[in-house]
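What follows is a group of structures, each given as structure tokens.
Two complexes are shown next, each including chain A; its partner changes from chain B in the first to chain C in the second.
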Partner chain A sequence: LWYLFSPSVDKAWKELTNILSGIFCASLNFIDSTNTVTPTASFKPLGLANGTDHRLLRYTVLPREVVCTENLTPWKKLLPCGSKAGLAVLLKAERLFHSSYHSQAVHIRPICRDASCLAVSWELRQTLTVVFDSFCSSQGKKDWSLFKMFSRTLTDACPLASESKVYVDISPKNKEKELLEVTPAPTSVHEAVVQGDKRTYAVYDLLSPSLFNTSRSLNVQLKWKRPQDSSELPTPVLHAQRYVSGYGLQTGQICTLIYNTHPYRAFPVMLLETVPWYLRLYVHTLTITTKGKENKPSYIHYEPAQDRRRPHLLEMLIQLPASSVTKITIQFERALLKWTEYTPDPNHGFYVGSSVLSALLPSVIAMKDVDVEQSPLFTSLFPSSDGSSYFVRLYTEPLLVNLPTPDFSMPYNVICLTCTVVAVCYGSFYNLLTRTFQGGGGLAKRLANIIRRFRGVPPL
Partner chain B sequence: MGLLSDPQCRRALARLVVRLNTPLCALSYAAGLAWFLALAAPPLAPRTQMSENAMGSTMVEENFQLGARALAYARQFGARKAAAGAMPVTWLEQTLWALGLEPHRQPFARTLPFPDEARERYMVRGTNVYGILRAPRAAGTEALVLSAPCSEGPRNDQAVGLLLALAEFFRGQIYWAKDIIFLVNEHDLLGMEAWLEAYHDVNVTAVRSSGPLGRAGAIQAAVALELSSDVVTSLDVAVEGLNGQLPNLDLLNLFHAFCQKNGLLCTIQGKLPRGDGDSLPAYGQSLRTLLLMALAQASGRPRGDHGLFLRYRVEALTLRGVNSFRQHKYDMTAVGRTLEGMFRKLNNLLERLHQSYFFYLLPSLSRFVSIGLYMPAFGFLLLVLILKALDLWMKLNKGDAGERLEDGGEDPRPGLLALVPPVLICHGAGLALYFVPVLAQRAAAQHFPVSEAEGVVLTAVAIYVAGMALPHSTHRALAGAGERGWMALKLLALLDLALLLGCLALLNFSLGFLLAALMVPGAAAVQPTGPRVLQAAVLVLATPAGAVLLGVLAQRELEEAPAAAGEGWPLFLGAVGEGLLQHHLYGAVLCPVLALGAYPAWLLLWNVLFWK
Partner chain C sequence: VVEGLALLDLGVSPYSGAVFHETPLTIYLFHFLVEYAELVFVITDVLTAVALYLAIQDFNKVVFKKQKLLIELDKYAPDVAELIRTPMEMHYIPLKVALFYLLNPYTVMSCVAKSTCAINNTVIAFFILATIKGSAFLSAVFLALATYQSLYPLTLFAPALLYLLQRQFIPVKLKSKNFWLYTMQYASLYLCSLVVIICLSFFLLNSWDFIPSVYGFILSVPDLTPNIGLFWYFFAEMFEHFSLFFVCVFQINVFFYTIPLAIKLKEHPMFFMFVQIAIISIFKSYPTVGDVALYMAFLPVWSHLYRFLRNIFILSCVLIVCSFLFPVLWHLWIYAGSANSNFYYAITLTFNVGQILLISDYFYAFLRREYYLTHGLHLTRQDGTEAMLVLK
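Our next item is the complex of A and B:
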């Protein structure tokens, strides 16, 4: 979650998280100062904004929370037709969560109301990303249809919608055409440059009446004409991996590997790391190596954590040479928590949120400036700053770190044992060590001495 | 404690300790041994039970049907392996890819400190291949591991086959919450160590591996599989890991529960429990199993590929298919179902396995002895050393006080300085025993007609024996201390030994207990007066090397494959070489503990015996 505020940030942030938590049935109310940071360079305001003061920005991530059906329902209610009509009829929770990947997002930003830009409107954009596992459901075949995936077909557009389209990526691979076919025939074909690559899309416009002429419903199907060998997947230009190395419960090391697979272009990447306070980072151990040599970041911003108040924040601008792997390591020590601070399942481990990589990637082919008016969807989904590069933001995987955990089942035993040991052993040993033993006397003499002390007479 | 602060009671206690010392020691020693032997009996070994809620009440239904497919994979793998003469890396990667997994390879290389003659390897090169099954909609924070070794010859082909079939079956399921890593490791433990070090990005041993790896988060549990036949009669489970570490008892309970559910015959230490009654044969069988486990734990050797996981706090065990002459056989489907059930339950885990015991001994698969029950046995043995030390301390002090009265102030007590030379010399001998054999292997191989591996072992033995001649060459440095001299030296040796054994028993109970059981009588009895030959014989039997030999022989005896008389020496040499290798390859501590701890302590006692 990230948000840019007008002044009185912290109060507004708290209100916002609680409101959002209510709207989306999500545990966003767990956001507090211990997991919120103020990044300086990784995020920029979207849409109309005149202030670029980074102090007004807040960013947080709750790696423990996962998206589930109860978050989908309120999300669907924000749509103009709910899930009653239009594309949203496809969103059946049972199918959406029977998939490999699921992500839903809500973006709000101020935009101009009209061309003259005298008044401000708010734009609400909702995105839902689902990856279906065709391998799992169709025995290795890669054909699909809307019905197969969603167990629903499209019947009409939402009456409130001004535009309602289905895009199917039919870009030819390796210059071979006609490998696949889509049925029914698309209403039009759209060509666009997406993330530095030329793509062809078949477009089904639900608002055009010709679609529903022949049959009542639209069931887009894609068939491969001959079986594909899928052994070559294109590797993305920028990807990253993060893990915890080392073993034992005292120290450890967070490693981030950033891959630049571009054959000849180097580019800078902005890395944002937030680490909870109970991992005590040793900043002097921060090393960045590329191809065996040290790589000095051109910009670095570090805010140390404060126990129980604020997480670590580390922002770096790193130059990635062409076709290289950059390894960033930083060592940490695991803190001992107070026993009430442990989560109910302490042996599961504690999460460290994903780090954020923001980069302007050089594109493979020259892009022409896409006309915003012509295809608003593509420019907002795949923004590009100019013709030669496009913007990418990556989130690495969250980490699971084990902290030293007491055995919660036996605090009573521990208290009893410790008290007994202290009382019995320490007392008697102290006694034995500090006393001088003299022959005779014993109990009688001691008693006599006590009595004499009461009487105010010097002891024997 | 009140007893001690009262001078009269103190004196009475001291008198008791001095006068009844020998009977008390004997009693305590006997009690310790008897307690240990009694551990195998049912009252001291309660039934195991599942403590982890996430695995207990939710029974899963197993649907694995691909037993025939597993055998087909096994045959293909065997054929490819025979054709390539090594791990068929490309074929495995392609197969894993075709199954819809994410294949990775990890090449590694390792040069052994000296040639391993038992397995015929010195400079090892290999490749581990593994595939990651990504859990749907999970962020890759947790993982489970199923591993099978790629061994030489047709061994363990079926394990790889079953692994691939399970991968195929697991890929089609939607319920996974943790990533699953299917690992085929080459060169058994060496490959496993290389993979684990690379996965955790540490370098504990001198393994070199190259390239970044695909990862899948923190590993929660691991199962290593060893199968060499198409059908099995029983499954044997191995738990003992490196340095006697054990996995959480719940993992074992899980395996036991699924064996019972599927009607599979399962054993531990290769021993079937003989009935559940209190009969003598049943007790005998339990005791044999218990002793075998103690011996295996004491050796500190990983008893399967799982053993190296435990260092990284990953609960792991090895399942080994046994094909004996029993009538009833189980096919791959039954074994696969057991594994499927185990993985589904592990997948249900919310936390790491932590509810049940980490310290236990197993007289059978369904019974366990917890740490609270077996520790007293060791406590009694240690008490012997402490009683003896107290006795010596009091004698030293009393004599001191008496003489001071007679001589009027002159202090004849041997200063602590007089004890420094023997202590230094003995520990120096220990250091030599630890460092010289491996360092001097080349010299040994050049000057004597032995191979390097033999050279290392024989140098170790030579240094060991040479150390025993020390009292004859060092007594000049110790002369003049008289009666008190050996008493003070023995006191020191006893305390040294007690400290060493006490620490050992906390880390590896079996090693501590077995060493104590052997060394304590000799240590308590030794003195320069009396029948020297008899004492020397007892002491020689109780030397650490003697303990190793006795351990090896006892293990062969308990496994019902007793060693012939002539076999003892080669077995002993093999065990010493193996121990040295285990230390240098995986960081097993048995060799340094014996060389740097037990051997010097024993040498001190040997010095006491030949005191002049």
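Our next item is the complex of A and C:
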């Protein structure tokens, strides 16, 4: 969750997180100062902005929260027709969560109301990303259809929508045409340069009257003409991986691998890492190596964590040479927490939120400056300020780290035993300080004589 | 310290995080010496041993002079000839003290680990040397440095003051003007040096950030990383409601033995110093084995008490066994995962009980020898039968 504020930031942040927690039925109320950071360079305001101070920006990640049905329902309620009409009828929970990857997002930004830009409106953009693994479910064939994926079809457009379109990517690979076939026939074909690639889309306009002429429902189907040989997916220009290495519960190492697969262009990438306070990072162990040599970042901003108050923040601008793998490692020590600070399942581990990589990637094909009015979808999903590069924000995997745990059944025992040890010292010293030696006999002498008789030694 | 230097290089205050808790003078010192860190720690250990050697050499002379005076004044009972110490037996004690410190496995471990405890030990050793030599100014300066680095040597003010008063032949009487004059002098020397050092630290890094990070950290114990002390598990398992109360209790526990010990041991300030250093090493908030090595170096000075020690065999066994079990049970908890924190905590408890009983055993033996010196070795009751000595 990231947001830019006007002054009195922290109070507004707390109110916002609580309100959003209520709206989306997500536990966003767990956002507090222990997991909020103020990045300096990774996030720039979208839409209209007057050069905001980066100190007013807040960023949080809650890696332990999972997205589920009760988050989808309020998300759908924000749509003008809900899930009753339009494209959203496809979004039924039992099919959406039967997938390999699921992600939903809500973006709000200020934009010009019209071309003269005299007034500012707020734009709400909702995105839902789902990856269906139809390859496994359909016996090895890569054909799919809307009915197979969502178990329902589109019947009409939302009456409140000014535009309602379905885009199907039918880009030919290796300039071979007629490799695949979409049914029914699309209303139009749209070509765009998306993330450096020329892509062709079949467009189904639900508002055009010709679409529902032949049948009441629209079921988009895609069939491959030839059986697919193992065709590789093109690797993206920038991708990253993150993992924890090391053994034992005392120390560890966070390693991030960033791949630049572009054959000849180098570009810089901004890495933002937020690590919770109970993994104490040692910034003098930070090493960045590319192709075996040290790679010094051109910008580093590091804010160390304070126990129980704020997390670590590490932001770096790293230059990635062409066709290379960059490895960033930093060592940490695991802290022992107070027994009340552990979750009810402490041996599950503690999550470290994903790190964020922001980069302007060079584009192989020159991109035309497209008008916002003409294709609002593509300008907001794939923005590009100039024709030669496009912006990409990547999130790495979250990490799961085990911390050493005390024995949770022992608070009373520990207090008693430790206080006993302190009392042993106090007692011995009290005796030695307040009592004096005296020639005594009495009980001690009699006991000593009994023991001496057993030993066969003459008595005292 | 390396992390603090790296943070300074990045332009961030080393005290803005929770990893660095050393004083600014340490950063300043290691700014120049970080390349030769191993050599620095070897040299500090050697300096500590040399300071202890010179200090105990002088101390033995003082002890022998005092003993001669008391014999001439007929303060000793007639049959204590075997308890009187001779220069011959005291000849090798300074060397033994230096060797006890240098060859102690705890010292070697501290040196290899490059723990800043070694620097603290050096400052305290120089403080003891300055006190025994009688220089109030140097003693106050080194005590201020030791207090500046870790708060607890503040309690060593009392034994040093008593020793210096004894050396100046000023009797410790609350009504005596001389006593108060000297005390005020020493206290003002100490406080002025402390203030100067703290202001110097402020000017080094241009902020007062180091005070909560160094002293607030020592006093409030926020970091619960396991060590050989008693604090970490206690506060890991503490109910949040009582946390502040028990922090105060544990901190008072370190400081409040000073006054009773000062009253009981005002004739023997060096033994008082030894007991005080031991209490600091056991009950400080973040103890290390380097602190244990420092007070153990003094044990040869009291080797004449050996015949009165009651439990020395079992205590040495406890300490040796615990020292071996510490790394074993740590490995089992943290790396093998087959034991849990209770195993390591139990060894912590046993080790601390062993240390406490060792100190109280030496204290008992010391007091007993003093009693025998004044009352004679063979005690008889009124009716002539032999009596046993009991602490009542």
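One rule holds in what follows: the second predicted complex is superposed on the first by the 408 of 460 C-alpha atoms of A that agree within 3 Å, B and C clash if a C-alpha of one lies under 4 Å from a C-alpha of the other, contacts with A are read in each partner's own complex, and residues count from 1 in each chain.
In the analysis below, a contact is a pair of C-beta atoms (placed from the backbone, for glycine too) under 8 Å apart; a residue touches a chain by one contact, two chains touch by 3 or more.
None of the values given here were measured: they were computed from a predicted structure.
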Scan A:348 for contacts with chain B and chain C and give back first, second, both or neither. first
Give one of first, second, both or neither to describe whether A:424 is in contact with chain B, with chain C, with both, or with none. both
Taking the superposition on A as described, I'd like to know which of chain B and chain C A:99 touches: first, second, both or neither. first
Regarding the shared-chain residue A:435, is it in contact with chain B (first), chain C (second), both, or neither? both
Touching partner for A:325 - first (chain B), second (chain C), both, neither: first
In the overlay, answer first, second, both or neither for which of chain B and chain C A:247 touches. both
Pick one for A:25: touches chain B only (first), chain C only (second), both, or neither. neither
Would you check which partner chain A:88 touches, where first means chain B only, second means chain C only, and both and neither mean what they say? neither
For A:403, is the partner it touches chain B (first), chain C (second), both, or none of the two (neither)? neither
Shared chain A footprint, chain B vs chain C, residue numbers 247-248, 405, 424-425, 428-429, 431-432, 435, 437-439, 442
Write out the stretch or stretches of chain B touching chain A in their complex. 1-2, 4-8, 94, 97, 100, 134, 136-137, 139-142, 171-174, 200-202, 212, 215, 217-218, 311-313, 350-352, 354
Where on chain A does chain B make contact in their complex? 63, 66, 97-102, 133, 135-136, 140, 231, 241, 243-248, 253, 255, 257, 325, 345-349, 351, 354, 397-402, 405, 424-425, 427-429, 431-432, 435, 437-439, 442-443
Looking at the complex, which residues from chain C come into contact with chain A? 2-3, 5-7, 10, 12, 16-19, 222-226, 230, 232-240, 250, 253, 257, 260-261, 263-264, 279, 282-283, 333-335, 337, 340-342, 345, 349, 352-353, 356-357, 360, 363-364, 367-368, 371, 379-381, 385-392
Spell out the residues on chain A that touch chain C in their complex, using ranges where they run on. 247-250, 277, 280, 282-284, 300, 302-308, 333, 335-340, 404-407, 410-411, 414-415, 417-418, 421-422, 424-426, 428-429, 431-433, 435-442, 444-445, 448, 460
